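Working notes, structure below.
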Amino acid sequence: MLSIDIKKELRDFTQEISLSVSEGETLVLIGENGAGKSTLLNMISGLLIPDSGTISLNQRVLFSADEGINIPADERNIGHLFQSYALFPHYSVYDNIAFGLRCRKTKKAEIEERVNVQIEAMHLSDLRDINVGSLSGGQRQRVALARALVLDPDLLLLDEPLAAVDVLMQTEMRRELRHRMKETNIPSIIVTHTFADALELSDRIAIIQEGRIVQEGSPEEIFNDPATDFVAKFTGMENLFRGKSMQRADGEAEIRVGSLVIHTVTPLEGDVYVAIRGEELIFSKEALDSTARNVFSGIVSEIKWNGVLSRISVNLGDIQLSGLITRQSLTRLKIERGDPIHVSFKASAVHIFPYTS
Amino acid sequence: MLSIDIKKELRDFTQEISLSVSEGETLVLIGENGAGKSTLLNMISGLLIPDSGTISLNQRVLFSADEGINIPADERNIGHLFQSYALFPHYSVYDNIAFGLRCRKTKKAEIEERVNVQIEAMHLSDLRDINVGSLSGGQRQRVALARALVLDPDLLLLDEPLAAVDVLMQTEMRRELRHRMKETNIPSIIVTHTFADALELSDRIAIIQEGRIVQEGSPEEIFNDPATDFVAKFTGMENLFRGKSMQRADGEAEIRVGSLVIHTVTPLEGDVYVAIRGEELIFSKEALDSTARNVFSGIVSEIKWNGVLSRISVNLGDIQLSGLITRQSLTRLKIERGDPIHVSFKASAVHIFPYTS
Amino acid sequence: MGFNLALFILIALFLLILIFPIASLFLKITPEEFVSSLSEPVVVDAMVLSLITATISTIIVITLGTPLSYVNSRVKYRGRSIIDTLTDLPIVLPPAVAGLALLMAFGRKGVLGSYLNIFGIQLAFTTAAVILAQVFVASPFYIRQARASFEAVDPIYENAAKTLGASRLQVLMKITIPIASSGLVSGAILTFARALGEFGATLMFAGNYQGKTQTMPLAIYTTMQSNMYDAISLAIILVVISFAVIM
Amino acid sequence: MGFNLALFILIALFLLILIFPIASLFLKITPEEFVSSLSEPVVVDAMVLSLITATISTIIVITLGTPLSYVNSRVKYRGRSIIDTLTDLPIVLPPAVAGLALLMAFGRKGVLGSYLNIFGIQLAFTTAAVILAQVFVASPFYIRQARASFEAVDPIYENAAKTLGASRLQVLMKITIPIASSGLVSGAILTFARALGEFGATLMFAGNYQGKTQTMPLAIYTTMQSNMYDAISLAIILVVISFAVIM
């Protein structure tokens, strides 16, 4: 198990992170560029030194500011995969994978055996003696994984493992990567900036913003209940507005967004963000007599056919709501641009976040 | 109206393109990196010379190999936006936009007036005297558009207009771009390598592969009826297999994929590709008595929760089928990994493409 | 630890070889001796001549070298790599060889010089020879830098300018040269410095005549045998200029 | 059209100034005269001395310059930019100034030389002085290239090696130097060529004694007054070496 509790002053902000990863768990760390994701990985693998705090892995203290401990990177036994894979350009596939064992002065026969096991497992037999310059993105990723795994690392760190791959190849490589991660069962941290990667690869997700973790949980938890407007945007909530929350006597809250009043339940008062996921919107030609607490009427400002689901935008005067509906619904409702329409959504579909300037 | 019919020998293949774009139409050109998209734009704007053929715009011949006509780039009056926007780094926003008019030796007062109209329209008033180095991606795009539009171009070419933009900003910028394109009503060609851009921005889509257009049509046509396996992959068809087609007496065809037999209607015979879109698959615990011609039973090999829709993979022995189902269906069916399951799909949901090695 | 110490010793030794001699120049003369040397005719003549010839040489190199480096950064033609190699040659060609080569070409008995001589034109051992020698040895410093600066200008800017209606000359003057300008200026400064320091080729092709071909480096060589303070003063001025150039 | 013609004339004129003198060297001697010069003692002595001194100088520069350029490419410390500037100085510092500076430092009456003299050690006007002069003027050619080559090695490779268990020395020997090697070699070759061509500093600090300090460029200077064919032969050999170096 990995436990981190560190602090480091960076150029733009202070990084302050507490995290743990259990045996066999895959934690995905999501955040924007420059949020401090790679910095964190570098501190874990020993390439950067935190200002204070501790890092320990399986009862072994790797770093402790108080005790003056800082195990150097070459003695931590952590596999670190870099965004560009960082394969050594002057070596063959075999020599890349053998590098770590050779540095440890392992016996030649043992190197040969252990490297061959990895080469087999990663389907690299045909490429064994090829210079790494001519490999494809997927092959590079496999060599980088093999190079780390041959050393039996106690932890795997993967920095944007799919960023260097062609868009068309990403889905396939994402699946392959997940498959290999599950196979090895080594605890790991994967850094990415797309929510799609996180959903596919993670057991648990942590969202990092300006050096701090703003939310942590299972993919479902984060998707269903984002903690801040930032996380909401990341999970693809299209409808996000500023509003003013007022508590009513009956326990409900009224959120004013321009001239509209949205009903929901929230303990927050004053300036807030209001977010509604596009697929929670219900569209109808007539006003529905339903349990949905929020019903508004507006004009269809746009219909964008978008593959499986179509996106429909409705102008409510001060704001614009965007929703997703299936092709069948679109055909059935016979909606066209400029038509009047009703939009309704449940009080529970409304997400409220504190306003952060 | 733009008409192109050209041929050019490139390093890896021959580019051979016939295309036309009507008044006010937006054509989106999709293809992989290196398929010849930018080359085509460069030939239209005069930065590259085709080996043979003709290019004409509104009855004016821009290029004709037979007649020995080749209007130089600076006299074609075509707005060309480059992937990186190519704003002149040593000029302010104003000077960038005024560049083309100054080259034409337009009178100072007229330059001032026309540039100001664009600066207003693009909401760039605050940035007028700022050096372009400090602009954001969205602002750069607006300056580049203004710089082209101030010259009243007869045609707009946009090379990957969203590739240089942060992932989080892409949706917003895509919408803004579409809005501006509709406003100007100038015929345009947009190059991209993602299907999402194409769906959102295009009136018509052309898919280019190794220098040739393999399919052309409305977004709906291409999504519903991709002409080749390449286009199918581009539109996100996950289930794509090689098979052998055999015609039966009753007009149906049987496609053998490993030990499976898939029923559909196709004129093709022999080696083919078979593709089925994930959302066309119907999953059930019991074998359904339905009109679906293809029913198979298999084992659930994986369920991946994926936001609105979940992906479920079923192992049918020789092949693996992946389908998308909603969260509600997943809960109702109570499927778990390892469960036996039935998969069915209609004969009309099966897409058949000729096999190309 | 040992790794760091070994590094430190090697670096220190190296800096000693480089820095100590330059410092010694300043230790061997008093400010008064320096100031009084500055009014010696031999020193004044050398300074004036060096300044004039190096300036003219630099202007010639810019005028002739800019088109060459622009073309070679943009146009692919047969033999371009040979011309690139040739223009680089004076960097590694010993100045003494350059001086002899110039003499064989333009000297009184030289390949071209013997014809010029018929018309009464003599190049060798004149101020023009000083300039020719300086142009020969200093030109690569500008051309290399200019070529690199032009290459660093992304052609996309030039393409964008073209589609916006700029003619070829407008693209060059409004886009390419302004974007490359800082590199062009630093190349010109290096060329000026190299021209100012030219010694071997000048000595052999132009000779060593005070007021006519005796530039500062040649004056150092001459005066160090007669009046050491004049030599040191000239050397100090050149050290200061060299520092200013590479700062 | 006029644009292209003007370009063409400027480029042609420039190439004439560069190429014609070198061609003239070859026109002024017959193959027989060239071959017979090669057995003259003054020519042989100069060739042997140049080869030995330039080789030793290059080895010294590599030994002392590699650690310096590696450290300066990787470590940020106060004063690094000053040291970078100082190591670049000999590129623009006139060789005549370098020669005088070395004399003021290590000459018989020099700042350090006067102490060495007490112990009977004399540097100036010896073969060691030739080497010292060559190291002084030629070192930046290696150090600049080496620093650039080390900087071009993406630190991600070194980081990857560290996380795979490589010690600091292993990272240097197995990753950094091999990846930078082609740049290091070309820097060393340039340094060798510059050392071979050294003229001004050698003349002033080491003198011009056949077999002891008279390297090839100095021998050209001496023999051109007595036997022109010896001078041209030596010059041709140096031209050929220069071409080989920059190819």
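Labels for the chains are A, B, C and D, by order of writing; each one numbers its residues from 1.
In the analysis below, a residue touches a chain if its C-beta (ideal position, glycine included) is under 8 Å from a C-beta of that chain, and two chains touch if they have at least 3 such contacts.
These are the chains along with the protein names UniProt gives them: A, B = Molybdate/tungstate import ATP-binding protein WtpC.
Computed from a predicted structure; not experimentally measured.
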Dominant chain pairing [most C-beta pairs in contact]: C-D
Rounded to the nearest Å, the gap separating the Cα centres of chain A and chain B is 26
When the C-alpha atoms of chain A and chain C are each averaged to a single point, how far apart are the two points in Å? 57
Between chain D and chain C, distance of the C-alpha-averaged centres to the nearest whole Å: 17
Which chain B residues sit where two or more other chains touch them? none
Going by the touch rule set out above, what shape does the chain contact graph take here: line, ring, star, complete or other? ring
Using the touch rule from the top of the page, what pairs of chains touch, sorted by label? A-B, A-D, B-C, C-D
Going by the contact rule set out above, which residues of chain D touch chain A in the complex? 154, 156-157, 159-167, 170, 174-175, 178-179
Mind pulling up the chain B residues that touch chain A in the complex? 32-33, 166-168, 171, 193-196, 199-200, 219-220, 223, 233-236, 238, 279, 304-309, 324
For the complex, give me every residue of chain D touching chain C. 3, 6-7, 10-11, 13-15, 17-25, 27-28, 63-65, 67-68, 71, 83, 85-98, 100-106, 110-112, 132, 135-136, 139, 168-169, 190, 193-194, 196-200, 203-204, 216-218, 220-221, 224, 231-232, 235, 238-239, 242-243, 245-247
Give the list of chain B residues in touch with chain C in this complex. 42, 45-47, 72-80, 82, 84, 86, 88-90, 99-100, 103-104, 147-148, 151
